[in-house]
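The structures considered in this document are given below.
Below are two complexes that have chain A in common, paired first with chain B and then with chain C.
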Partner chain A sequence: MTRYLIERIGQAVIVLWAAFTVTFILLHVLPGDAILIKFQNPDLGLGPQQIAEIRASYGVDRPLWLQYGHAIGSFLSGDFGYSIQAGVPVSESIRANLPPTLWLTGLGSLLAAVIAMIIAFAASLSPFAWLRALVRSAPALFVSIPTFWLGIALIQIFSFRLRLLPVIGAEGWRGLILPVTTLAIPISAPLAQILVRAIDDVATRPFVAVARAKGATHAWVLWRHVFRNALPPALTVAGVLFGELLGGALITETVFGLNGIGRLTQDAVNNQDAAVLQAVAVLSAVGFVVVNLGVDLLHPLLDPRLARKERVLS
Partner chain B sequence: MPPRNHFRPVRTSMALFGALAILTGASMARVEAGTPVPGGTLIYLEQQAHTNLYPPAGGFYPNGGVLNQITDKLTYQNPKTLKIEPWIAESWTVNPNKTEYTFKIRKGVTFSDGTPLDAPAVAKNFDTYGLGNKDLHLPVSEVINNYDHSEVVDPTTVKFYFKKPSPGFLQGTSVIGSGLVSPATLSRKFDELGDATAIIGSGPFVVTKAVLGKEITFAARKDYAWGPANLDHQGPALLDGIKLIITPEDGVRIGALLAGQADVIRQVQAYDEKQVEDQKYLVFAPSTRGVNNSVVFRPDNPLVGDLRVRQALLHATNAPEIVQTLYSPNYPQATSIIAATAAGYVNQAAKLTFDLDQAKALLDAAGWQPGADGLRWKDGKALILTAYESQPQPQNKAMLQLIAQQWSKVGVKLNVLAGDSGSRAADDLDPLKTPVSPAMVGRADPDVIKSQYYPANRDILRQKGGQSQKVQTFVDDKLNRLLEGIASETDEAKRLAIAGEVQAYVIDQAYAIPIFEEPQAFAAAPYVKGLAFEAVGRPSFYGVWLARH
Partner chain C sequence: MTVADPIETRRDLSPDRPAWLRLPRFARIPTSLALAWLIIAIAAAWSLAPDLFTAYSGTAGLALQHRLPPGGVHWLGTDELGRDVLARIIFGSVHTLSGAFVAVGVGLVAGTLLGLIAGSAGRLADDIIMRMVDVLLAVPALLLSLSIIILLGFGTINAAIAVGVSSVASFARLARSEVARVRTADYVEAAFGSGGSVLAVLWRHVLPNALTPVMALAALQFGSAILSISTLGFLGYGAQPPMPEWGLMIAEGRRYIATAWWMSIFPGVAVVIVVLATNRISLSLRGRPD
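On to the complex of A and B.
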């Protein structure tokens, strides 16, 4: 297990370095750069000579390898630089924007899991065939709802018409209900779909018939035997859904006027704000690595056969 | 209460509003009485987060909305008369040559960090804005031309010297980019000035808390006693504070205003105005009083190098149709390159006619013949032009697309690109890639024309020796001489005459096709009183009070 962990951490370091380097190269291949976008902007109304002086003072026209060395050096020493566009240290930007995004995505994925589980159980336990069919079609509907439309519809209904929840200046949990729901519904769809199919699949296995024959109720068998065996595929998908979660967070943040990593990234991409993008790329890579490592470590706990296999192999 | 009738509350029937006030009875009674009620926090929804708050970067409207509440200026430009009035400077003298300006500073003014706003502080502000600071990456202010140095005569007298006549400087001291900040703020690096709490001004409000990309909380300064001398309202602001909240979605901003979750919002699209007014809310559309929203050419590109081609496109553009289709009466059709309310305006409408026959004749004369595909061809080349949309301008993409449709009637194709900021910024420097560009600037002084067209400033036409290395040959010496005249003519009447000449010349050369006079559109709840705007449309909440809170 320890060796396995060390290997995974080694892989993670390579992934992070690659994320940093690829971002750096991509940013330099793109036309224009952050300084050009910021200072060529008509809002500042600077003349050509002034812009040339600013470019020189930021050293943006130095050789690429020199800039790369400088970037990675300061990054490793914990200096993430400044956002050229926003005029604040990148570390401060991340500190302000990461917690709201963690809350939003954390609660969003939790709610998505709950919705997916409700759908999965309802799809098997509902009393009538037509109701089960209806529940089974829910994921297809959910996945095709555009996030921004859902957000605006929820705001219009619950905030502007019924006036149940404020959107502007909402604090704490009251401000999170609508955005979390907006984010969770489209994410829950693929989870529910996988779960429903896995449950159908497991339900036909012989051990289920045996349990039923021994007199267990349908619901008990579903919970105790079927669900547990149906969980691993859903968990794998959950790891992959992380990317979708970040994309959904961007739209949710924009619609609800929340600050967060999604909007920070969008602004940074728009303005080729290199320092911010380097940090966000590495941060997202960390997120991916952690989520997938978590999923891999959870698998043996859910399915003892995987743990045994590992022991045999090592 | 500051003067309020310099904006145009459009299509707002005051009779209806009055009837509503009577119908709704008691809660509105205080409104009718008209006595300001102090207190309360105003919720202001802004479309975009502010960026760097270094005052000379205040031109960006989201920045100006913040800076206008927290900084004072040396002088106040009356938005009604455009005259320069006292503010932090009690009085001033200018030498006939307009190379020396002496300001007498009001006593007892302090920045919110407690340091005095005296002559040395003012000197430091303008030394920085006039010369920049390379070590701190602080750029030069666009509005200050030919600055040389300052001299502190005594604690309340400061004198500025210029290398060449600088007639626009007095007005330049009143603009958003000349907001006075504490010496502590000016000793910070440019890269740190996006932190709103770092901007220490002497204004009626102070930033108490800023959450990056989300909101800014302002509190009124109780000891504020130095508003512009000619305003009705004096003393501290009437509000307790302001909460500025970033709300990017147009629909959410309007919905929140109408649902009572916000009091004032910025950026109301023309197509949303009716919805706001139908509910008896108010639309404010103060003019930006500068260079009109226009389409300009880069004559270095051979496709538009021929005057006849540019004139043809000018006459093929149907500005009334654009204004009627996309905008509202708040967006008056342009009649010159600058707004009718701008200083030095001269009407050029007679030259800006929509005339397809004339356009076709001009293209024929220039040798562009209609091809089988409907496009005009010459020497094996089709007349295909490209422009990037400008996101900050209202419905700019739709506008360019409509122009493309209009130009297609004379066989000219205009490609409208969205593009990422990087490509846009890079391509914008290359006349071959962007022969056509949308343009506008707000500033209520003839200097704005020079800012827009002069090669050493914004260089909107892209001349050789200007912003771009990619320009091959295009220079217009006559235009540049006229522009230099605007920036240096010391006789005001002569200066305005030159501004008139430039307007006629730019249209005669068909360098620009003016479309409409751009407003800044705001909406406010009916109980918001005393909302005022500086000369080019940035909100001031100093005299605002809430008739209901």
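On to the complex of A and C.
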């Protein structure tokens, strides 16, 4: 187990280093120039001499490999450089923008899991065949809906037609209902598909028939025996969905006017602010790697057979 | 959509139906699949000859007809410049479909090539390529597309290329596993044994046999490419106004959401329908109903 853990962490570190390097190269061969975008405005009255000085103060006049070495060193110590557009350290603006995004993604993934479970259970428990078929086709519809349009449609329905929720800019939990729903629906679809398939698969196994024969109700067997066996494949997909979740959060923040990492990223793209974009990309890669590592480590806990196999092997 | 499938097949298989009442073979494809092909055919026709389907222009507005609700003259209403929304959806289909073609083309060609090399050129190449793929998978697709877009600049084709690059990793992974599966087959060894050069065997035997699942993935990616491209259009990084791209139309309609819902809702419906259709088709290519 320990060896496996060390190996996996080593792999994760290599992936992170490579992600850093790739985004660094990608963003530093940019034809655009964040410093020019901000300071070439004639109203500021800066000459070429002064712009060159600014350039030197940001350290972007040094050779690329020196910048690379410096950047990797400061990244490791938690210093992500300066945002040229905002004029503040990148770590500061990330810290300021992180809470809304964490709330959104946290609640969004929770709701997505709940929706997926409801679909999976309804797909095998509904009393009517047509209802089961209808529920089964829901995930196919959910994956085909663009997130940004879903948000707009929900605003249209719940804010303008039914007047249940305030439009963009609401404070507190009421302001989070629509964004969280918008984010959760497309994410829930692949989860639901996996759960439905796994439940269908497990439901034909002999131990299910035995449990039924002992007099357990359909719902109980589903919860106690089938669902538990369907969980590991769903967990694997959940790890892969992390990237989708972040992308969805970015779009949802734009639609609902939330000031999170998504807004930060969009501003960075518009102003070609490479330092911000690199920090966001590397941090999300860290998130992806950590989540997937966690998923892999959770597997033996959910499925004792895996743990036993590992013990035998080591 | 899949509601019709099981019922349909059961009816065809029922033995007590006289032969002359049984449907001919070609008519036995499920209704939902036929509908999906019909939708794609309509979208293709729209993008090839938009003028045949609408009398209005996709870019020029009509005077004094701003933000009219859906009705007899303008079926889906008009926008803030007096442009017919249906006409804009019809003229916009070419941007959406061609963008998705470019994106899938980039991902398919680059990904399959990488997977082929990784699966056949030895341990070192395999390790290097697959670690690169891991890195590409670790950065969220949208962030990767955004990084590539600021490298290439805004625009329809650039957005399509960016979406394509972010799908290279999944193609490479699948192609590699397929190549690894096919490589050990008897007929490949026989082809090597009978004196085939490495490239010839790869081209003639390994690639065609590894390609079927890859093509099913391509069909699936077509739908998600449409979604990604319209997302980039919505964020303002893809098509630029006054182009009638669907994502951009939704972004423009968003400003009038309180007074003219049809401007943003209908282009979105177009996206959903086309993506649903491509997903249904990719399901049939995979060869097993879900």
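In this section, the second predicted complex is superposed on the first by the 280 of 314 C-alpha atoms of A that agree within 3 Å, B and C clash if a C-alpha of one lies under 4 Å from a C-alpha of the other, contacts with A are read in each partner's own complex, and residues count from 1 in each chain.
Keep in mind that, in the parts below, contacts are C-beta pairs under 8 Å (C-beta built on N, C-alpha and C of every residue); 3 or more make two chains touch, one makes a residue touch a chain.
Owing to the predicted nature of the structure, the values given are computational and were not obtained by experimental measurement.
Asker: With the two complexes superposed on chain A, say which partner A:L301 touches: chain B (first), chain C (second), both, or neither.
Answerer: In the superposition, A:L301 touches no partner, neither chain B nor chain C.
Asker: Is A:I155 touching anything from chain B or chain C once the two structures are fitted on A? First, second, both or neither.
Answerer: Both partners, chain B and chain C.
Asker: Can A:I54 be said to touch chain B (first), chain C (second), both, or neither?
Answerer: Touch status of A:I54: first partner only.
Asker: Contacts for A:L76 in the overlay, against chain B (first) and chain C (second): which applies, first, second, both or neither?
Answerer: neither
Asker: Classify the contacts of A:A281 with the two partner chains as first (chain B alone), second (chain C alone), both, or neither.
Answerer: So A:A281 only meets chain C here.
Asker: Is A:A213 contacted by the first partner chain B, the second partner chain C, both or neither?
Answerer: A:A213 contacts neither chain B nor chain C.
Asker: Which of the two partners, first being chain B and second being chain C, lies in contact with A:Q85: first, second, both, or neither?
Answerer: Only chain B is touched by A:Q85; chain C is not.
Asker: Does chain B (first) or chain C (second) touch A:S93, or do both, or does neither?
Answerer: first
Asker: Based on the superposed arrangement, let me know which partner A:Q272 touches: chain B (first), chain C (second), both, or neither?
Answerer: Touch status of A:Q272: both partners.
Asker: Which parts of chain A are in contact with chain B and also with chain C?
Answerer: 30-32, 152, 155-156, 160, 167, 254-255, 269, 272
Asker: Under the stated contact criterion, what part of chain C meets chain A in this complex?
Answerer: Residues 1-3, 6, 131-132, 134-135, 137-144, 146-151, 153, 223, 227, 230-231, 234-235, 237, 247, 250-251, 253-254, 257-258, 261, 264-265, 267-268, 271-272, 275-276, 279-280, 290 of chain C touch chain A in their complex.
Asker: Along chain A, where are the residues that touch chain C in the complex?
Answerer: Within the complex, chain A touches chain C at residues 11, 14-16, 18-19, 22-23, 26-27, 29-32, 130, 133-134, 136-137, 140-141, 143-149, 152-153, 155-156, 160, 167, 193, 197, 242-244, 246-247, 250-251, 254-255, 265-266, 269, 272, 277, 280-281, 284-285, 288-289.
Asker: In the complex formed with chain B, which residues of chain A make contact?
Answerer: Per the touch definition, chain A meets chain B at residues 30-33, 36-51, 53-54, 57-58, 82-89, 92-93, 96-97, 152, 155-156, 159-160, 163, 166-169, 254-260, 263-264, 267, 269-272.
Asker: Provide the residue numbers of chain B that touch chain A in the complex, in ascending order.
Answerer: 43, 45, 49, 51-54, 56-57, 59-60, 63, 132, 134, 137, 139-140, 142, 189-195, 211-215, 243, 245-249, 251-252, 255-256, 258-259, 261-262, 420-429, 439, 441, 451, 455-459, 466-468
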